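Look at the two complexes coming up: chain A is in both, with chain B in one and chain C in the other.
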Partner chain A sequence: MLAQTLAEGIVLGSLFALLGVGLTLVFGVMDVPNFAQAGVITLSAYVMLWLRNRVGLPFWPAIGLGVLFAGVLSALTERFAYRYVRTRPLAAPAVALGLLLVLDNTALLLWGGDHVSLSTPYESALLRFGGVQVPAVSAVLVLTTAASLVVLQLFLHRTSVGRAIRAVSQNAEAAAILGIRPQTQYVTAFFVSGLLAGLAAFAYAPTYAVFPYMADAVLLNAFVVVILGGLGNVWGAVLGGLLLGIVETVGAVYVSAAYQTAFGFGLLLLMLVFRPTGLFTTGTRRVA
Partner chain B sequence: MSPEPAPEPPTAELSRPFAAELSPRLAADSARSRTLLAARDYGGLVLLGLLAWALLTGLNSFWSSVLASVLIWTVATSGLNVIAGLGGYPSLVQGAFYGLGAYGSAIALTDGLPLWLAMVIGVGLAGLSGLLIGAIFARTRGQYFAIGTLFFGVIVALVLNNWSSLTGGPLGTPVPFVFADAGQLNVLIAAAAAAALMLVRFIQASRLGRRLVTVREDEDLAEHVGVPTGRTKLIGFVISACVAGFAGVLIAQYNSTLSPDLFDYSVGFVMFVALSVGGAGRVLGPLLGSLFIVGVPNLLNLPSGLGLLLVGLVFVAVVILVPGGLMSGLDALIRPLLSQARFRRARHPVDHPDVVR
Partner chain C sequence: MADARIGNFVAAACVAAGLLLASDRPAAAQTGGGMVTIGAILPLSGLFSTLGPPERDAMQLGIEAINSGGGFDVAGVHHTLGIKVLDDESSAATVGISAYRQLVEVDRVPVLILADSTRIYAAQFRRAPLPVLNILDSTFPSILDIDKHVFLLRSDTPAYVPGGVWYLKNVLHKTRISFIGSAADPYSAGLETWMKKSATQYGLEVVSDVNYPPNTTNFAPFIQSAMAAKPDAIYLGGVTQEVLPVAKQLYQAGVRGIPVLHNAGATPTQAKQIIGDTLFNDVMLDSYDFAGSLPQTSTAPTTQAFFKQFQTRFNEYPDDLTMWAYDAPFVLVAAMQKAGSVTDRDAIYQAMLTMPVPPHTISGWIPTSDGKLFHDRDARTLAEGVRWCPKAQTIGAAFMFFMQGLDVTQQQVVQDGCGAS
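Let's turn to the complex of A and B:
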């Protein structure tokens, strides 16, 4: 029972971590709490469904195009909205929420409010590890998160584009003096964060339903993760995600499933009271 | 357009006290004009309340119900105007306080308590939650504050949905109607809207209001010059919560039935949108914003998805293009017409635009 619960907590935590990393990347570079990420996830899930069911593409190409779509959409939000409020920190959450309204309701208008499901070729498979049962979709979620984080880590540390993003995150002015164009890095960070959102859509749309507000509550949890880990801290987001996933699952199983999100809120409150700087802050803000 | 280089000229109400500190001659002068301004503003708001009541009574039932929603939202967003408008703190939890006030009063009335006690319970419940949440989140800033308050809105929505024995669960609960007729309720709604606007006008000119503005402009600096920023934010937040609670009492009576989706966590954020679109920190901002956010989609009879889509688009455009909201757009239109105001500005060059934005 406990092992099973922990396994489910890790699955949920991986999802939170995947979302949290995308948020913290954008936050680290541009100080934007990107609530609109939820809208990107939703629209990308719908695009995957549409490509699969209406256009008739095979599963993996549909998913790939859906993920790419999420990246482009996220970059567009930077280009047409966030870019203009970069110097006004108080306006950023407002713009993010406005964009969320636009994206969610676009999905509602185009595809209606019904709950639909994204079926996968492996949806009925069930994996067993000792006494613990894990559905294949959950295993894919964990693997997707792990693979994305490894690739992200390599991207941020081993490529010139990734290094440029980290430079802007640490000090945009100094980076600009050294010839790095901050504007390019902002778009790139949003694009990468969008790709992560698309991967999240692929990872959890099969276990949850697809509907216009599907990502809103999950994204709030991702923000808790980001705060737990310290805004702008990638590995903090990973650890925070796992911690939050386990706390919420244990709370849901042993106390009350209806109040699952409330346990996350409790964790957030405790942390704000006792460690207002985040669990894993290193003193300076950083992306990786 | 304004002749000053500052992007947003100071509102007369805010800059006057500073002028008084700078010169005794101006002090006498400005005390007189302050009284005049107050008389103008409060008088205007009383007239506005009477107009609202006349319209509520005179219009047909459809228009009247749209107007009633707008007025109730004006009350709730006026509360938000204290912490988010004057204090600059993006509180996204106003919808939860609104819901707590509504459910608190509805449950009290169902248990047979008199209206005044139900009002006290509704407002008190909202205020106490405000105190609790404020005590924790008033120490966080900007983004953290927005996320934390949004999350509390989610928790309240969860409780309203799941504590079925008390709230009736997702199906909602009926509310006993305690007025003699709808006319009495109309009087209360119009009076409440005018009173909420007056409250913001009063706070804006008070020491609390000036302190909140210093917190908005530069919290660190405010702390350095001795403003008790933590307490200021907490008081502002609790006032916001209480006013929203009262708006909840009104909507419970007006709707005669409550369901949790009226107080979904997104409501708090749409209230924030309404305030920003109208003009944060301006007395009439909540009224304009509520007219726009609640009134327009209702009047055009848009499907809810399209309505919210347009609200989102307009909101993003307003935040990017007109940071001061509709009120500042109105200023830009009206100001050139008021040659008198321009004359006054020329005589009192000490109205520092940079002291208070």
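Let's turn to the complex of A and C:
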């Protein structure tokens, strides 16, 4: 039973990590708590559904285009909203919340409030590893997170664009002196964060349902992950996500199901009291 | 520096959480003239949005039937009927209260139709009382305890939950129930209470009882806890949008061949939409749904006519809620006629207490022994359990019953509810 519980904790943690990494990337570069990420996930999931059910595209092309849409939408939020508050960090949370309401209500206006399923070709499959059973949709969620993080890490450390993002996150003025255009890196960071949001939509929507507020509550968990892991730290977000997922799942199974969320926020309180910089403090280095 | 950033970040997250729970939207335009406008607050969006739109549509059908029949006379004055429906966005405590004030205190509607979260409005009932006809909120403790002005146009929780447990024991021969419900949903809590009472009465054991917190989307830990107790039946608490995702995740977790009983009143349309077109027929195979009697399985010609009309017009299966919603305007018109007023809220309230079953209703209301529609403000019909018919990919009758306390006083086990399906 413990192995099964840990497996379920890893599944939940993978979702939190995937969401948290996108948030921490943007926060590391622009100091913006990007609540609108939930709206990007929602609209991306609806676009996938629309391409599948209305346009009639096969599953994988619909998913690919949906992920790309999320990247573009996220970049647009930087271009038409966040850009104007970059030097006014106290205004950023209000803009982020406003954007979230706009995006969620756009989904409500276009597609209504019903819960709708994003069906996958593998949703009835069940994988068995010894005594542990994992639904295929959950396994895809874990694999998507793992693959995304590896690619993101390679992107940030092995490509000139990734290194430019990290340079801007560490010191935008110094990076500009070296010929890196910070504005380009901001947009790129939002685009990459949007791609991660699209991947989250692809992996998360089939486990539950698509509806206008589908990602709002889970995104709050992702913010817990970002704080647990250390603001701006990608691997901190990964570890924070897994930790949060396992703590919530073990608490729900062994202590009380009704207080599952409370275990996560209890962990956050402990972290803020005893290690307020998170598991991995980045100091001056961000997007590490 | 880092502490300050974290502080700002946490504060922003808290503000976000608060604002996400509260939003508002403008009301619709009001009608007037010779038309009597009644009010309704329904969940047209949000968590309970599978419920509101079909109820609105069914009420509109009922109103159209009244008006196309020439309207109605009250105290010698001719009227037609209109309705102003406001969306509570599945958030009665915020949006719903605003809607109540708009309809009751500003628009001055003579009667109000409510759906869910009735308890939230308790203070408003005391502040601005009027007859309230609820067409959905079957919770325990009963909403009828909240205020004397509340009427329930459906059978309350004890009228259908015990029948499902009785069916588990006596027809499916199951004895060990695991319950999975929603900690934040009073409907689920009422089902849990009466499921346990019934299990004790009929000799079943509740081997596991888990309630997941609000906004849960991953039910794996709760499914694991429930299945660890080795049940031979699962009982799911909650409304359609809560129950069907859990049923789907049960199936995806490999739980198959165990009856999954619930009281969601889920239609085939909703099952396909929420579970998904590739999986719903397999997931629903083990589903048993116990609620009010359904228009789809009714043999009454007027009810069948409603079923066909609703399905044709809205391309959706009408459920028991839609049938009650269709009847609601007829009940209110009859109450106004008996009261002799379309504006006197107290006279209409008094009329509702003693009114008979109105003509042209389709739900099969069972009156009291002295002919009143409401049994202590609760209008009752036969209850019904339905099962899934995989060939036709729809529901079929499994059990018709009527409860008096925990005694099944009328019962009919339907063996061929799926017919050739």
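Here is the rule we use: the second predicted complex is superposed on the first by the 286 of 288 C-alpha atoms of A that agree within 3 Å, B and C clash if a C-alpha of one lies under 4 Å from a C-alpha of the other, contacts with A are read in each partner's own complex, and residues count from 1 in each chain.
Going forward, contacts are C-beta pairs under 8 Å (C-beta built on N, C-alpha and C of every residue); 3 or more make two chains touch, one makes a residue touch a chain.
Here the structure is a predicted model, which means the values were calculated and not measured.
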Three-chain arrangement built on chain A, chain B and chain C clash or fit: clash
Touching partner for A:272 - first (chain B), second (chain C), both, neither: both
Touching partner for A:123 - first (chain B), second (chain C), both, neither: second
Touching partner for A:91 - first (chain B), second (chain C), both, neither: first
Partner chain in contact with A:99 - chain B first, chain C second, else both or neither: first
Partner chain in contact with A:114 - chain B first, chain C second, else both or neither: second
Touched partner set for A:208, first chain B, second chain C, both or neither: second
Which of chain B and chain C A:252 touches, first, second, both or neither: second
Partner touching more residues of chain A, whether chain B or chain C: C
First (chain B), second (chain C), both or neither touched by A:81: first
Contacts of A:1 with chain B and chain C, given as first, second, both or neither: second
Segment of chain B that clashes with chain C, given the candidates 217-225, 253-261 or 343-351: 253-261
Doubly contacted residues of chain A, that is, touched by chain B and again by chain C: 27, 31, 33, 89-90, 93, 97, 100-101, 108, 113, 212, 216-217, 220, 223, 227, 231, 258-259, 261-262, 272, 276
Parts of chain A lying in touch with chain C, wherever the complex brings them together: 1, 4-5, 8, 11-12, 15, 27, 31, 33, 35, 89-90, 93, 96-97, 100-101, 108, 112-119, 121, 123-124, 126, 133, 135-138, 204, 207-209, 211-214, 216-218, 220, 223, 226-227, 231, 248-249, 252-253, 257-262, 272, 276-278, 281, 283
Sites on chain A touched by chain B in the complex: 27, 31, 33, 81, 84-85, 88-95, 97-102, 104-106, 108-109, 113, 212, 216-217, 220, 223-224, 227, 231, 258-259, 261-262, 264-265, 268-269, 272-273, 276
Of chain C, residues touching chain A in the complex: 2-3, 5-6, 8-10, 12-13, 15-17, 19-20, 23, 44-46, 49-50, 90, 183, 210-218, 220-222, 224-225, 228, 241, 245, 248-249, 251-254, 273-279, 282
Chain A partner contacts - residues on chain B that touch it in the complex: 88, 90, 92, 136-137, 139-140, 142-144, 146-148, 150-152, 154-155, 158, 161-162, 266, 269, 272-273, 276, 303, 305-306, 308-309, 311-313, 315-316, 319-320, 323
